[in-house]
Amino acid sequence: MLLRNCWYMAGWQSDFASTTPTSRTIAGEALVFYRRSNGELVVMEDRCSHRFAPLSRGRVEGDDIRCMYHGLKFGPDGVCNHIPQQSYVSNRIRVRTFPIIERHGAAWIWLGETNKAQSEHVPHFAGPSNYEWSMVPDQIELQANYALLNDNLLDLSHVAFVHRESFGAGDEASATEFSRAEVTTTSLANGGVRVERRMRNATVPPYVRDYLETKRADFYVKSEHLIPGIFLLNTRCYPLGTFDQGEEALSCATPFLAEFSCQAVTPINERATRYFFALGPWSALGDLKQFYLDIGRRAFAEDRAMLEAQQEVIDRSPNARFANLTMDKASAAFRAQMNKLIREEGALHASYEPG
Amino acid sequence: MLLRNCWYMAGWQSDFASTTPTSRTIAGEALVFYRRSNGELVVMEDRCSHRFAPLSRGRVEGDDIRCMYHGLKFGPDGVCNHIPQQSYVSNRIRVRTFPIIERHGAAWIWLGETNKAQSEHVPHFAGPSNYEWSMVPDQIELQANYALLNDNLLDLSHVAFVHRESFGAGDEASATEFSRAEVTTTSLANGGVRVERRMRNATVPPYVRDYLETKRADFYVKSEHLIPGIFLLNTRCYPLGTFDQGEEALSCATPFLAEFSCQAVTPINERATRYFFALGPWSALGDLKQFYLDIGRRAFAEDRAMLEAQQEVIDRSPNARFANLTMDKASAAFRAQMNKLIREEGALHASYEPG
Amino acid sequence: MLLRNCWYMAGWQSDFASTTPTSRTIAGEALVFYRRSNGELVVMEDRCSHRFAPLSRGRVEGDDIRCMYHGLKFGPDGVCNHIPQQSYVSNRIRVRTFPIIERHGAAWIWLGETNKAQSEHVPHFAGPSNYEWSMVPDQIELQANYALLNDNLLDLSHVAFVHRESFGAGDEASATEFSRAEVTTTSLANGGVRVERRMRNATVPPYVRDYLETKRADFYVKSEHLIPGIFLLNTRCYPLGTFDQGEEALSCATPFLAEFSCQAVTPINERATRYFFALGPWSALGDLKQFYLDIGRRAFAEDRAMLEAQQEVIDRSPNARFANLTMDKASAAFRAQMNKLIREEGALHASYEPG
């Protein structure tokens, strides 16, 4: 049961070449992506109506894609417009297409009811061409259910344990600081969750220590986690003592370091996930962007190892249940939201769809 | 559900060594083949009655095969004739054997009711020792259902799309010529299908162009597709204008090039297929035989890639149905024949067999 | 259905490092092993109660193990004693632990009812530190059900066929001698089976021939096979004619060669088995121990190849049944014992356990 009425990130714009089709499975749907002659992205089922050859083995011809098994050709609306050896082509020979929008350097797909696909609901995001932040985009694939990755992002307390080799947070001091943080969790109107974390007089992470003149700072970390799995993480370091001057001071003070990370969790199917991320410092420190990417890659590889191990244990524990702890507040709220939406969609399908 | 009352090609004669057993699975039956002292081929279940060790790990001893786990020995009739540490051997200790005939350079096996196995029903075929044609035999394995390969062979319109790297048929001109061909489809008495294709003034394929003085010819292509998956493809090139002189002229005219291809589709199981092929020019142009083989191999690798991709899409589309088009006439007729035979066999088993 | 009320060999003592946890699956239970600060071995479920991360990816801290996903820490009794960001820790947050005993250079685990785990039932065994025998320990993994390995060990007649490359027993002479052996099978009180084999005037195996002055001897081979899969094999070579002087002579005579092999068959799950073995000559011939190990390793690789092939045939033969022969007397008796114990345990679970 995967949510369909939502914008999933399908890929970075650069993932989709201009002349050859690309295959990608999203939320269980095997899809083919190609660009028509004007560069616009088209996405449809990756299955020719005739004998089920994958269209991703096909050939792009102008605005159309031709199946390279027996030569059926489909337009960007999914309707077949040429069949070799046949003059009449029934318009019932067609494959399903889906709304797709390119924005923020990424492509966003809507797999649900077409009339509900509204472009203004494409989430905020900062991609490779953003001018405020120096972002480098990347992606990895995990053999784990997408909800485990959402959980992971919604509870950053794992940083002290999982990311001891990357974010340098493995030492007891960092763990203690992190657990001392003041945490505020807010439910957002669109079903998402905002988590704010304030850490006074905390240790500047080793990976930026060389670039700054101080080793301690006040940290403000804001993360927003949006349906179906959009994660926006903003970290700001302020001079020591800023937080003691009250909330107003925080609004006025200038951080001496700011970094942003935009991440998207897209289910491939119930057992695999594509994890997109772009991260970097603000443009003023743009030289550091490769440096940020390297640390991010190492960290996300640590997450992948843990989540894939976790998934294997879950697979062999069909009747066991998670224990819910204080640290799980945000992830529990997000899971509840997702489950509610999925249940509502399920009821909708049960009442409106045949069979 | 796979057909059993038919002669399947089990292998080329040279696939079966003279001193060591060979294991091969055909239509779901795991079998062991070995040659008795006079060279005759024997085939039986690949499973010792005792503890189910595979007999294909056994040792040929004269006319017998000995299981190399605990030493039981079986004769070519499948009956156990020696058990270590036991003087009395019950003749109930036996493994099932199957009729097998070596003909046309190949071995043909009958998995169904033994009393219906008639050697005159072994299909016509030309193998490596044929004197009229210079044939080179080969085989590949496909991870796809055998019916997809039968479909493929029964609709040669795929040549223009799948075989653009091998038969050089990818250009529009060839595709157009092919679709202009006059096609005659005839149902044969034994359940097979004959497809005749006449192409007037067509392009001589690039791969033989160097050997001929002309670049255009009248083509007569006859393919016969027999139960359970025997494909005989005869291609003849005549001087331009031959066809215009009527059917009688065709009978009398001498082609300036003739080639023959004999192929056998043998299911390993419902999801895998062994594909045997021999192909070559007539003996007069015997020097070209390796050349033909190379092109054939490239072409069949293209088929394999497409069919395996097609099988994967079918696997994930349990409820979807193929669209049937004009080009599918022959394959639909053949599938109908096969399904009828399989249904009849199923009814037979249901009424006569216990359990 | 695997037996639980028994001591399984979990590993050699040296398999369990002093500072890092080890994961191992035994009889379907995924387990984590670690040593507490005093070196004592602890074993528990390899699954953190919180989000099911495997504890084997965790960190040993003194007597405890910490999950390295979110930092929960568990004591050697399986009870959670620290949760980051929480002051109160419910003692319901716990993982299951199991009795474990280190003896004979190995670790023995009890997966069943804890109150029935009695240390005096740990089987006799000779491991690497035994003073009477020069034993070298090793282990392999087989993709086959453990009962097939028990069968294999309980019917040594396979030696003449399977071990022709290792024990040099492939020649007809050895096979004949082996089948001429006088075999006595005795059921033991604890459910095991003892097989004694006397071979008069038999060939000294080629692999020790160079070390002895004679090529023929009287052989006494005693094997004991204990629940759940403990195999103790004692081979003694006596001067020719010793057996003719009666049972008393055998008791008094000094063998000129003695070797011992202790083996343990531990099911990983229904389809995979861990096979532990230690083997060697008596201490007086300790120099030969590596030599024995090399032959043993080659022999057990031969067994593995045969058993994995056998398992594959069994998998595809769901309805077929083994034929039972004279040679299967001991293995049939042992299987009957095991099945009786498993049935009794199953009844117990059905009546006492909820759901």
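In this document, chain identifiers A, B and C correspond to the written order of the chains, with residue numbering beginning at 1 in each.
By our rule, a contact is a pair of C-beta atoms (placed from the backbone, for glycine too) under 8 Å apart; a residue touches a chain by one contact, two chains touch by 3 or more.
Here the structure is a predicted model, which is why all the values come from computation and not from measurement.
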Copies chain C and chain A - interface residue numbers shared by over half, same or different: different
Turn needed to bring chain B onto chain C - CA fit, degrees, nearest 5: 120
For chain A paired with chain C, centre-to-centre distance based on mean C-alpha positions, whole Å: 49
Residues of chain A whose C-beta touches two or more other chains: none
Interface residues, chain A side, partner chain B - complex: 30, 46-47, 49-54, 57, 66-71, 83-86, 93
Residues of chain C defined as touching chain B within the complex: 148, 151, 155, 157-158, 160-162, 175, 179, 305-306, 309-310, 312-314, 316-317, 320, 322-323, 325-327
